[in-house]
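One chain, chain A, appears in both complexes that follow, with chain B as partner in the first and chain C in the second.
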Partner chain A sequence: MNWKRATIALLATTPILALFAFGLTRDPREIPSPLPGRDAPAFAMAVMPPAADAPATSDTVRLAEQRGKIVVMNFYASWCLACRDEHPVLQALAPEYRDKGVEFYGVMYKDSPDALRRWIAEMGGQPYPTLVDPGARTAIDYGLYGVPETFFIGRDGRVARKHVGPVTRDVIRATLDSLLAAGGGTPEAGGGA
Partner chain B sequence: MRNVIAIGLALLAAIGPIDAQAPSASRPTPAADSLLDARTREVASGLRCPVCQGESIEQSPAELAVELKGVVREQLAAGRTPEQVREYFVARYGEWILLEPRPTGFNATLYLVPPLLLLGGAVVIVVLLRRWTRAGAAQPAGASLDDELLD
Partner chain C sequence: MTRLVGYSGILVALALSLVGAVAAFVAAARRGRTSPLARSAAYVNGALLLVANLAMVVALVTNDFSVSYVAQVGSRSTPLLFSIISLWGALEGSILFWAGVLTAYAAAVVFTSRRRDDATIGYATGVLHAVSLFFLILLVGPANPFGLVTPVPFDGPGPNPLLQNHVLMAVHPPLLYLGYVGMTVPFAYAMGALLSGKLDADWSRATRRWTVTAWGFLTAAIIAGMWWSYEVLGWGGYWAWDPVENASFMPWLTATAFIHSTMVEERRGMLKGWNVTLVISTFLLTILGTFLTRSGVLSSVHSFAGGSIGYYFLSFIAVVLVASLVILAGKSDALKSEGRLESAASRETAFLVNNLLFTVFTFTVLLGTLYPLVAEAIRGVKVSVGAPFFNQMTLPLCMALLFLLGVGPALPWRRTTPEELRRKLLAPGAALALALVVAFALGERDAYALAGFAFTGFALVGNLQEYLFGARARMRALGERAPTALVRAVAANRRRYGGYLSHVGVLVATAGIIASSADKSEHEATLRRGESMTIGRYTVRYDDTWGRKEPQRFVVGSAVTVLRAGAVIDSMAPRLNFYNMSSQPVTTPAVRTTAREDLYLILMAFEQDGSKVTIKAIVEPFVVWIWIGGLVVLLGVVVAVWPGGGRRPSALGARPGASRPQSAARTPQPETRIPELAR
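So, the complex of A and B:
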C-alpha cells in the first residue's frame, strides 16, 4: 500500500514545511513595538550646546511641555552609518514642518557631544536641536534597540508611529500629514515599519 | 619564601578587619549589595538582549545590555519587585524581551503541545505494541508488519 504511506508522509511533512516557509518570510530582527498607540514615555533631556565653548545653557526639553504639538524624535549617533542616509531627509523636512507646528528633536545615542558636533558640521548642519540622553535612559524608556529609530508623537502625547532604520521622506510625510489632518488625536495607532 | 607568606598573611589579617568595618552610612552594607546583585542577576538573566542573538542581558557584554542591566539594578534598589521590573521592560520592548514566554494566550500552546504530543506518542506506542504482540502470536513468521499496520 504505497499510496497510503505517501499520503501519510505528505500529511506529516506539509504543515511543517509550510511553517518553515512562513518563517522565511519574516525578519527575525524586526521586533514589534508595543508603544504605538500608548502614551509616550515622559522625558526631560538637556539640549546639547551648539559648540563646546558655548556658554552652558540650562535648556531642558520636557515632553510634558510639548503637549498640543506633534513631536518627531530621531535617535541617532555619529558612528551610525544608516543615520547618514536619513540626515538629508530630516534636514529638508524639519524646517518645512516646523512652520506647521511640528517639533523635531535629535536624541544623542551613545555618543559624545564633540563627536556629534563634528558629524553635524560634516553633514552640513542640523536645523533642529539635539538632546543629550545620559546612560541611554530615555532610549531604554522608548524600547530602543539600535539607531536610527524615529518616533512620531501626536498632539495627545501618544506614540503614533515608530520607525526602525533610516527614515524616508515618504514615511515622514505620510505620518505627519495624517497627524496634522487628524487635528487633536492620534489618527491610527499602529504603523511602525 | 616562608617570610613572604608570613608577611602576606599579616597584611591580609591587617586589611581584612578594616575592610569589614568600612561600610559607611551612605553606602549599603556588602550583604545588602550582594543581595541586590543576586536579584539583579536573576531578573537580568530572564531578559533578552535587544542587540544580540538569543542572549540575556545578564550574559551579554554589549553596551546596551549593560545599561539595561543598570536599569534593572536601579529599579530593584528603588524597591520595585522583580515582576514590576519585568513589566517595565515588557511595556517598552514587548513580550519579546522575556526569554521565557508567559504561559498565557497563544503562548500557552508552547507549554501544552509538547506534553500532549508526548502523551499521544505513548498511546500510539502502546496500541502498536499490542497489535504487534497479537500479530506475532497469530502468525509467527512471514507477513510484513508494516503493511498490517497501515491497513
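So, the complex of A and C:
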C-alpha cells in the first residue's frame, strides 16, 4: 500500500461527502416563487353560482377593487385529495378572519362547477365564494404549480406569502395576524412553502 | 402469512450476507481462496430474495392491506398489471426489487466462477455480499416493505398516477435495475483484483460479459425511459436533463468508456489503473444516482418521499467512496502500464480519445447535476441548471464522438499506413459529403444538425463497411460465398461485430435525436367544434369531447380528426386523466407514429360542455428511429455476449476456432496474412 496516496484520496472524499450531507438538510420541493413582495397579478373572475339552476349572477370579483383589504386566494379542485385535508381549516378560519377584514376566495382549478358544488356539499359547505377561472388564466398568472396553493395578498395589493400544498392553521394564523398587525403594507416578503 | 414469509426471508438473508462477507474476506486474505460458505450463502440469498419478491407480488395482487407496502401503493381498483408492477412503484418495494436483482447477480457470479478458486473471486464474492448487506439493512430498517398494518384498511390509495399510466412502466424500471445493479459485478471483480494484487487483464476479461450485459440493460432502460417520458409526460420531448435522467446517464457514460478502454488493456496491457477507476466510478455513480433520487436531495419526477433513508445512503456512499478510493490510490503502484503508444494513428489512440471525451462528458453532466446543490451550499441561492447548459456543453462532445465513431473502426491496432487509412475512409468520406448535401437540400440549416447528419452518415458507413471487409476477406482467402462469409465472419468474432452493430444502433438513434430536436415544429390553438388547425402537412380538426369514469380515475378525451391533403387519414384522442391523489391532471398525449415523423397531440384545456378545447400539436421528424436504434444496440449486445461459440477476441492471427494462450494478447505478434480476419 502507498499510504501517502491513500491519505490524499481519503481527504479528497471529504468535501464531496460534506456536500451530500448538506443536501440532505434541504427540501428540493420548496419552489421559490418570485411573487412574494411584488404586486399580485390583477384578475377579474366570475363568482360560481351556488346552484346549477340559480340565476346566473353577474358578480365578478376584481383584485383592483379589493385594495385596502387582505385577500386569501385558495386554488383548489374537487379531484384533488390534498384539498380535502385543508378544507376544514379554511372552513373554520375564514369566518373568524372575515370579521377582521380578510376576504377569502376559492379559485376553481381545471374543474367543473357541478363537480365542485357536489364536492362542497360533501365537505359540509364553504363559507366563502368560489371564483371561476376559465382557461386557468389566473392560475397561469400566479404561476400555479398544482393544487392546492394558497396566496396571501396584503392591503397594498402585494403578495405577502405563497403556500404550496395543504394550508395549515398555523400558516394562516401567522400570516394573517402579522398582516393585520402591520396595518398598511406587507410586513415581510416571506416566501417559500 | 406472505408478510411473515417475506420478512423472515429478509432477516435470514441479512444474517447470511454478513456471514458470507466475513467468510469470503477471511478466506481470501488468509488462504488466497474462495470460501465455500460464502458461495453457498450467495445461492441461498438469491433464492430467499426471489421468494420475498414473489411474496410481495402475491400480497399486491391479492390486496393484502395488512402489509404496509400494499397499504401504501395498493388499491382494489388498480388493474392487475399495475398491481404487479407497483412492486417497484415506491421506495420500499424498489429496494426489495433491487436486493432481489443484486442477490440474483451474486448467485450468478458465484455459479459462473465455480471452477475458479483464487483470491480475486474470493474478494469479489465478499464485496457482493457486503453490498447486499447494505440493501438488506435498508429492508429491515427504514425501508421495510413488510410492516404490519392494524387495523387492516379496506382499501389503499393506489400507485402514483404517473406510474400507472403506461405499460412501459413494466419495462423501464426492471431494465434499469438490471443495468444499475449489474454494474456491481465489475466493481466487485475490480475490488477483488485490487485486494488480491492480481492486476493483469484477467479481471477485466472475466468481467467483460457482465459489463456489456449490464450496459445493454442500462442502454435499454434509458431508451425505454425516454420512450415513457415521450408517451406519458406529454411535453413532446424525451430528454430533459432531469437529475434522474442524468443519474442513469452518467454511469452509462463511464461504462461505455470502460467497454472500450478494457480492449486496450487486453491487447496492449495499457490503461490498467484507468480501467479500475472507470469501473469504480461507474458503481459509485449508480449509488450516487440512487442517493440523489431516493433521499430527496434533488427534485425530480423520480424522487420518492424521503425520510431517514438518505442518511443510510450517505453512510453507504461514504464507505464505498472512501474504501474504494483509498484502496485504489494505495495500490496504484501496481497499476503500471506494460505497453506504450506506438503511433498516433492507431486504434489505441482512438480509444484514448474516446475515453477522454466520455470522461469530460461525465464531468460536465455531473457538474450540471450537482451545481444547484453547490450553489445552495455556498451562496445560499436556489438555482436550476436546465437544458441550455447541458446542450451547449455536450453538443460539441457529441459531434467529436460521432466523428470518432467513424474513424475508430478504420484504425488498426499499433499503427497504420496512409494508404490503408485512405482506403478505409473513402466510402465513409463520400457518405459524409452525401449526408451533408442531402440534409442541406432538404432544408436543414442548423449548423449542429448539419454536422450531426454528416458525421452520422460518415460513421454509419464506417461501421457497416467493416462487415463488408470481414466477409470479403473470407471470400478471398477461403473461397466462401458472400452470405456464408458474412455469417461466419460475424460468428468468428461476435464481440467485434456485435460492437459495430451497437454502433449502428447508436447512430440510427442519433439521427432520430438530431432530426426530432432540430426540426420539431409545434402549434397551439383553441378550437371550437368543427374548427381546424394546420401543422406541417396535417390538418387537425376538433370534433367533440367525452368523459369516462374508470375505477381508478376519470378520463376526459377529445376526439380529433387528422387530415392530410384534404383526405381523412386518422382519428386521434389526446386525453387528460384525473386521479384523486394527484395535484395535477395527468396527460395522455395522442401520438401518430410513422417512419418519417410523429404527430403528437396534447389536450391542454377543455370547456366543460365540450364547446372549446385547447390543443397543442407537435410534429417531430424521425422520433421512431430513436426507439429502433435502441433495439439495434441491444441486438448488438446480444450478438456480442451470447454464451458459447465465438473466438477469443484476443486471438490475433489465429484461424477461427483455434485457441491460443491468453498471454499472447500482450506479446508482439507477427502481422497476419489476412488483416480483416484478425482485427
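The working rule: the second predicted complex is superposed on the first by the 189 of 193 C-alpha atoms of A that agree within 3 Å, B and C clash if a C-alpha of one lies under 4 Å from a C-alpha of the other, contacts with A are read in each partner's own complex, and residues count from 1 in each chain.
The criterion applied here is as follows: a contact is a pair of C-beta atoms (placed from the backbone, for glycine too) under 8 Å apart; a residue touches a chain by one contact, two chains touch by 3 or more.
Keep in mind the model is a prediction, meaning the values are calculated, not measured.
Within the superposed three-chain model, A:92 lies out of touch with both chain B and chain C [touch as defined at top].
Applying the stated contact rule after C-alpha superposition, one finds that A:140 touches chain B and leaves chain C untouched. With both structures placed on the common chain, the touch criterion links A:110 to chain B and to chain C. Once chain A of one complex is fitted onto chain A of the other, the partner contacts of A:81 are limited to chain C, with no touch recorded for chain B.
Contacts of A:20 after superposition: chain C is touched, whereas chain B is not reached.
Looking at the superposed arrangement, the partner reaching more residues of chain A, out of chain B and chain C, is C.
Look at A:34: by the touch rule set out above, it reaches chain B but stays clear of chain C. By the touch criterion defined above, A:9 lies against chain C but remains apart from chain B after alignment on the C-alpha atoms of chain A. Common to the chain B and chain C interfaces on chain A are residues 1, 5, 8, 32, 110, 135-136, 145-146.
By the touch criterion given at the top, residues 50-51, 63-64, 67-68, 70-71, 90-94, 96, 147, 150-151 of chain B touch chain A in their complex. Partner chain B is touched in their complex by these residues of chain A: 1, 4-5, 8, 31-35, 38, 41, 110, 135-137, 140-146. By the touch criterion given at the top, residues 157, 291-292, 295-299, 303, 310-311, 314, 317-318, 321-322, 325-333, 370, 373-374, 376-377, 382, 526, 554, 578-585, 605, 607-608, 614 of chain C touch chain A in their complex.
Put simply, chain A touches chain C in their complex at residues 1-3, 5-6, 8-10, 12-13, 16-17, 19-24, 26-30, 32, 79-82, 110, 112-114, 134-136, 145-148.
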